[in-house]
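A, B, C, D and E label the chains in the order they appear, each numbered from 1.
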Amino acid sequence: MSETILDIRGLVTAFNTRNGAIRAVDGISLSVRKGTTLGIVGESGSGKSMLSLSVMGLVPPPGRIAEGQVLYRGTDLTKLSAAQMRDLRGNRIAMIFQEPMTSLNPVHTVGFQIIEALRAHRKESPARLKEEAIEALRKVRIPSPERRFDEYPHQLSGGMRQRVMIAMALVCKPDLLIADEPTTALDVTIQAQILELLRELQAETGMAIILITHDLGVVAQVADEVAVMYAGKVVERAPVSRIFQDPQHPYTIGLMGSMPRMEEDVDRLVSISGVVPPPFRLPPGCRFNPRCPFVGSECRVEQPALAAMTDTHAVACWKAPLEEHV
Amino acid sequence: QQGNALTILRVIDADKYDPIRSTATAAAEIVYMLADTLVSIDFDMKTIKPLLAKSWTISEDGKTYTFKLRDDVKFCDGRPMKAEDVVYSLKRWTDPASKSPVSFRGGPVKDIKATDDYTVVYELKEPYADLMFQLGLSFASIIDKASVEKLGENFGVQGFNATGPYCWVSWTPRQDFVMKKNPHYAWGPEIYKNPKPQVEQIVWRVIPEQNTLMAAMQAKQADATYYMPYIAIDTISRVPGMKVQQQKNYIYDAFMGFKVDKPVVKDEAIRKAVNMATNKDAIAKAVYFGKGAPMQSLLNPSVLDYDAKSASLMPKFDPAAAAKLLDEAGWKPGSDGIREKDGQKATFTVYGLRNAVNPRISEAMQADLRKIGIDMKIQLWDATVGWGKLATQEFDAFYMSYPYVTANEALNLYFRSTQTPTPNRMNWKNEKTDQLLATATTATDDNTRKGANAAVQQQLTDASVWVPLVSEPMWLVTGDRVEGAKPHGVYGAGLYKGLDITLKR
Amino acid sequence: MSDGVVIPQSPASVPQPEAERIVRRPSVLLLLLREPSACVALLTVVLILLAALFAPWLSPGDPYGGDLALTLQPPGELALLGTDGQGRDMITRLLYGLRTTLLIGFAAVAFGCGIGAVVGFAAAYYPRLSGLLMRLMDVLLSFPAILFGLAIAAIFGPGLTSVIIALSIATVPLMARVVRGAAIVVMQQDYVESARSLGMSDSRLILKHLLPNCLSAIFVFVTLRFGQVILLGAALSFIGLGAQPPTAELGAMAADGRNFLFFAPHVSVLPSLLIFIIVLAFNVLGDALRDALDPKLNK
Amino acid sequence: MLRHTLERLLLAVPVLFGVLLLGFFLMQVVPTDPAIVRAGPTASMEVIEAIRQELGLNEPLWKQFFIYIGRLLQGDLGVSIINNVPVTQELGTTIGPTLELMLASLIWAIPLGIAMGTVGAYYRGTFLDRIIMAASVAGVSIPVFFLGLTLIWFLGFQYQLLPFTGRPGPIWTWEGFKAVIMPAITLGGVFVGPVARMTRSSVLDVLGADHVRTARAKGLPERTVVSRHALRNALVPVVTLIGLQIGFLLGGAVVTETVFSWPGIGRLAVGAILSSDLPMAQGTIIVLSLGFILVNLAVDVLYAVLDPRVRGA
Amino acid sequence: MTKPLLELEDIRKLYPVKKGLIIQKEVGTVRAVDGVSFQLMPGETLAVVGESGCGKSTTARLAMRLIEPTSGTIRYDGQDITKATRQDMRRLRRDMQIIFQDPYSSLNPRMTVEEIIAEPMVVHNVGDRASRRDRVRELLRLVDLAPYHADRYPHEFSGGQRQRIGIARALSVSPRLIVCDEPVSALDVSIQAQIVNLLKDLQKEFGLTYLFISHGLAVVKHVSDRVAVMYLGQIVEIADKKNLYDNPRHPYTQALLAAAPEPDPSRRTAMKSLGGDLPSPLNPPSGCRFHTRCPLAQERCRSEVPALREIEPGHRAACHFAESVPSFTRFRNGEGIHPRLQERLALYARHKAALASVNA
């Protein structure tokens, strides 16, 4: 089994707000191994982005990491100084974001922004830097990279911009790439291109990827392992094939059912009722209980822990395994 | 720190420095230094002394004046001055064709001619008692014809050539006027100890803001000023090295005039009541910080032909009597405390320039008048718009302060019926006044003149055409580098020729 | 399979309206009051308004009649805050001055912003008019406010009316820009499109949809402009074009009183200080309003 | 971009014409008769009438305006009716000092304002932020003349550190430099506040932007993130504000020039308008408005420099 | 045969692009919608799909005459409304309503939910105050919101709830046609499913006709009866749902289908995606607009514009080689969902239904 690149243990990221302390990430444990992709799915507001920003050490104030460890190759990132963290960021751990339209600085050329990422971590001659940057652009299949190098983000299409983002993230050849909904804002055709590109690059470099999305289709296509998040917690974690064959958590099942499918003609979608509770008004017990069709009395009292069902499959539900219902 | 330049501070600049084109005192104070007149006026403001003319004779009939000129006078450019220069300058002044606002001051000129290089004959159509004084004013300065012709409209704007103790160097409007010593000059009037200028350079600097001016003097950023705010004079006089001198004979009077044909103020009772209700002492104390003298007469007591008898006719401060007077005249208090008569409210509007004192004087008077049931509305204007406003018929009364040299001059200027609408803003058209003034002006003997002038003063005092307020004194403040400065003040020119002044070090 | 559906035991399990309720965004006033500086500013503004309103009852003296024998008294027993150059009680003058100054501010802002808002909305709503209107506004904008003041004063004579007219005119183009900017953003919102799709009248659309959603921008501008207008008024007073004597107006009092600045500083310092406090209070209030009204900052 | 600039320039022409028209007619409604002004206080009616004829004031208004415009197009701004000095000459001597004063004010006020705003935004909500904001709000709340006189009182008079009685020379001379310090502090003082506040809110907006997060994710040091990615992007609204505030600054300039006896165009304009010196008033209005228009034109061009997205458009 | 409720005939919307501020020079035209024709039958749902910027929203707005077409004819209920006056249009607007994509900007934040929902009635003078009030409560119930929500403001609601409010507003004047411009694109899958279900229920209940804009082929498959695929302002294929998904005849449709990720890890395809980006609608490519990205493009495609022609009854495609394009079927019915998962979903649905009946 390949080496574990990132190991998150009991991570809690909290915000002190006027409505009280919010735990956007509430005791999450996850790990990613070299060369594999961990997909994280969940509804909006479930804490996916906060989780990734916590890893990067970029939790926006007033948020902070309150508990837990983020072990990168054994070093706890939460204990590093700002300067040490900066050395790793963009260098060993890189990140790409959802909005390619706004994630690039509109006032600097694409080339400059890539070089900047490189220069922050390597001492090399300007000419060499430029070469590497163009190489990175070429690697993400941008046609005529020498010309694009001097263009501004607004001169590029959405797909191109996302490629630039990827080039920028990968230019230092990181071990771990965190992609926060990299394709949500793109058209399907472009999405396919980008996902394909990520897959190829992973095969080539052997980096680990954390892919955040709320499209189960994307997860099915690229992830090796999946974590389902709800209200700041991981409710289910399993290899991708298991998730799609034998989801255990009612929330996961609900998500599966909510997804309209092209291979199936159904009259009504199986939907999850209700909405995600606001983070400062979480219900007692299992956080999903108000929306859960399987809800039982214990669900309203105590939070279920993420318990292993098999070696690789863990679920946080009092009703698990759901087998007896079948 | 200014080296050998004398820095004089003032608050306002003139629009130009052509002697006959500007009536501003700000012009006169410069022109007096740049140019000379035939005669000079002594520190007493009454005595005429020689200057460019070393002597003169006046014919029996008072119509012909013959001046003998000095022969050692040179212009700044070195050219000697001759009688033709004098003739040219005086003609330019008096000729109606030159459209000068001050032409009338030259009197009814018949002819001015040179009989030889150093003799000038000034012929009048009829006698003009004021002529000698007028010839001492800056308007009658002797200037260089060539330079006038060369500069045209720009004479006094871009350059100047005359025979004064100082010569034109440069003028930056609203900022600095720089003049340097006239190297030839040795003909200063005998009122000075030394006939030669002793300061190399004089810089006149405009400081529009009073506080800045005051601070600048105290911070020794300048040497002299006679525009020190009254409030600061006591303080300044206590500053070591600073010297404060008063020119007692300075004639610059503030008054309020009525338009005698306007409703309400055409009533003599109202005018008299206003006169009686105004606390001039308080104004002199509060507004001028005790540095001004309350005026208890139509004209300044220092002026030639001042009439003490008419001064005694001037009603004294007595609000109770004023109220009684109004009662008797039929002005009865209305519900709001303002008097009324025949449905007419006892209210009138006063115009004035917005200077350092008018706002305060007017407010004080307003308060005084309200006490006797008269409502005075105030409208003050910035200096430049103000003159235009003061030429209209929009107002009922106005504030004015003015420099003058003789009673005859002042009375002729303001009360002749031919002087309406300006400067006779009172619309005072009175045959008797006109006759008396004509008599005084054409009188060849002192007594006739004095008598006629006195009669006019009595008539006007009686009619309460003016409310004389305060005689504004001149206070010259000099710094520790300056010696020998003495305030003069003719037509507002505090340093007159600027002779006798020396700079230490 | 089984039908062992777990039946909820108590009605408590039915989603209560409460549970579903998303926390109401607190009212703007409440948000404002959370900020201590805004509280102080609001309190100051209220106090100032009250003081101005009740000036005749609060003042110990006569604003116009003074005693020339008692001029420039320093603050003390005789008069708590001293007397001015005419021997009038400073407290009285300040209270009355406050009235006039606020009047200038309110009137100029009301007229200027009223007209500016109409122009701004027209320019945003009728793109064809926009070019012409905005060029006109540019003309007004490039004509320096102080020169406007001068020209107006020269026409109507110096005094309150002139000051108000000049400051109103100077406010119009700024307001028009602010409103137009805000309105254009609102116009791009789908709810405006949706309102259009209903076929409603232009007036309803502007009044019901455009105006309410521009109000916060307008409000913030108005509070900030209020301060500026008062300062501009003071500058006009400085060159002698403000309120005429004996009207008590803070700007004019400060400007006239500067002649005694080094001898009886209170005559100028007190009105200056009061201007400072008013403008400061309105500025702080404007800033706090901006924060309170910004949805980004209190989501 | 050149084309962009040229077109903006063209667009400014009708605005300038509007300003001229407005200025001209405003001056016409001023009830003061320039002839009386010229004649002086004691002049008689005949003299005044003669001067009216001479100045062409009896022509119909529209004719006066077109005569004026015609001359203007030939670069002739006329001569002052008060002292016959060509208007261009007066403008020439006063514009320099005003430019100097403005420059001296802006040169410290803008950087300081931007720095204060940036620091405030970066340390949002902290004590430092509050202090900075309090200072900048206070800065915009003080009447200009009060600030000026207070400076004179302390720096000029009490400690006698600096001169304050006008402009002894251009600012690049030592004397001139010393003399401009206090006026520049006074005038710039009213500018720091708005710039700081605008910078703060603008930087605050940008600091929350996605691309700043990207910059941090690259591992850039905070200084670079703030200066290169936040401030740089935040400058556009700041520049706009500066353009608009130039007009406001002029109001302050008139007062500052008076307090410090600075021989600038502000005082000239005030004097000219008040004295109904028509050509001079017109001239100053043209110059000041032109200045305002030019500054905003520069702002437009600066947009393109600051934001490549504008360049294409 | 029934007559169409809405008919668009060769509709074009061109936006001239001008350059310069004063001397405006036309540098080109954005052909946002370029010759679109379709008919919408009463009670059916016609979906329009396509990539971003292909002119879907413009088509929707044109259909409602919210913007004026450059050319072409729009018929509503057989009546030509292209030149209808403002007054006439006003009356028609009661019949057609629109639902927007962004649930955040489509509701006026300064109005209460009640005011928002009642506004169409106010504008069209429907009922009095009291009856409108009742109607608002009724509509709220209809879209699964509670009556007490009426007094709240939009910001107090989540995205899905807002979308429901938008739907309630559209329903308030009992329209016949609702144009849905990407009504679910901005929502989470779970909420998306709720809204989609709601829209379908409402259609059944009131016999509504939908023009449904979307860029997700999956959603479209779920809600529509017929599907039109748009590319650069033109319809490239329009067919019954079944035909389109089972037998797409246009390479673009095939590419879209191929690019959709399949939600089954066991069938990971190498995602053969289209190369390149959508060309700019300013100066679209000559001939067949798709030729720049088409894997099957030939010389003819570059020069000759393919007509939208009928391939089989009810199936039209705009491709020269529509008949010869290799058949492509990506998603076959029933295939792909693991039986185990299917059981789970059924179980979930049953439990949900049971719980709902208990609560009711």
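Everything below uses one rule, namely that a residue touches a chain if its C-beta (ideal position, glycine included) is under 8 Å from a C-beta of that chain, and two chains touch if they have at least 3 such contacts.
Each chain and its UniProt protein: C, D = Peptide/nickel transport system permease protein; E = Oligopeptide transport system ATP-binding protein.
What you are looking at is a predicted structure, and each value in this text was computed from that prediction instead of being measured.
Engineer: Name the chain whose C-alpha centroid is farthest from the C-alpha centroid of subunit A.
Structural biologist: B
Engineer: I want to compare two interfaces, C-E and A-E. Which one has more contacting C-beta pairs?
Structural biologist: A-E
Engineer: Would you kindly tell me how far, in whole Å, the mean C-alpha position of subunit B lies from that of subunit A?
Structural biologist: 90
Engineer: Which integer distance in Å separates the CA centroid of subunit A from that of subunit E?
Structural biologist: So the centre of subunit A lies 30 Å away from the centre of subunit E.
Engineer: Could you work out how far the Cα centre of subunit B sits from that of subunit C, in whole Å?
Structural biologist: Each chain reduced to its C-alpha mean, subunit B and subunit C end up 48 Å apart.
Engineer: So the centre of each chain is just the mean of its C-alpha atoms; given that, what is the distance between subunit D and subunit E in Å?
Structural biologist: Going by mean C-alpha positions, subunit D sits 54 Å from subunit E.
Engineer: By residue number and range, which residues of subunit E touch two or more other chains?
Structural biologist: Counting only residues that touch two or more other chains, subunit E contributes 158, 347, 351, 354-355.
Engineer: Among the residues of subunit B, pick out those that touch two or more other chains and give their numbers.
Structural biologist: Where subunit B meets two or more other chains at a single residue, that happens at 211, 215, 382, 385.
Engineer: Hunt down the residues of subunit D that sit against at least two other chains at once, touch-wise.
Structural biologist: If we look for residues of subunit D contacting two or more partner chains, we find 30-32, 149, 153, 208, 258, 274, 276.
Engineer: Which of the residues in subunit B end up touching subunit D in this complex?
Structural biologist: 9, 15-16, 22-24, 99, 101-102, 104, 153-154, 157, 172-176, 205-209, 211-212, 215-216, 218-222, 382-385, 387-392, 413, 418-419, 421-423
Engineer: Show me the residue ranges of subunit C that touch subunit D in the complex, using the header's touch definition.
Structural biologist: 37, 135-136, 138-147, 150-152, 154-155, 174, 227-228, 231-232, 234-235, 238-239, 251, 254-255, 258, 261-262, 268-269, 272, 275-277, 279-280, 283-284, 287, 290, 296
Engineer: What residues of subunit A sit close enough to touch subunit D in their complex?
Structural biologist: Subunit A residues touching subunit D: 56, 58, 60, 86-91, 94-95, 97, 99, 102-108, 116-117, 120-121, 152, 154-155, 165, 168-169.
Engineer: Which subunit D residues qualify as touching subunit A in the complex?
Structural biologist: Counting only subunit D, the residues touching subunit A are 208-211, 213-221, 224, 228-229, 232-233, 306-309, 312.
Engineer: Which residues, counting only subunit A, touch subunit E once they are in their complex?
Structural biologist: Subunit A reaches subunit E through residues 43-44, 157-160, 187-193, 195-196, 214-218, 220-221, 223, 240-241, 244-247, 250, 253-273, 275-276, 293-295, 322, 325-326.
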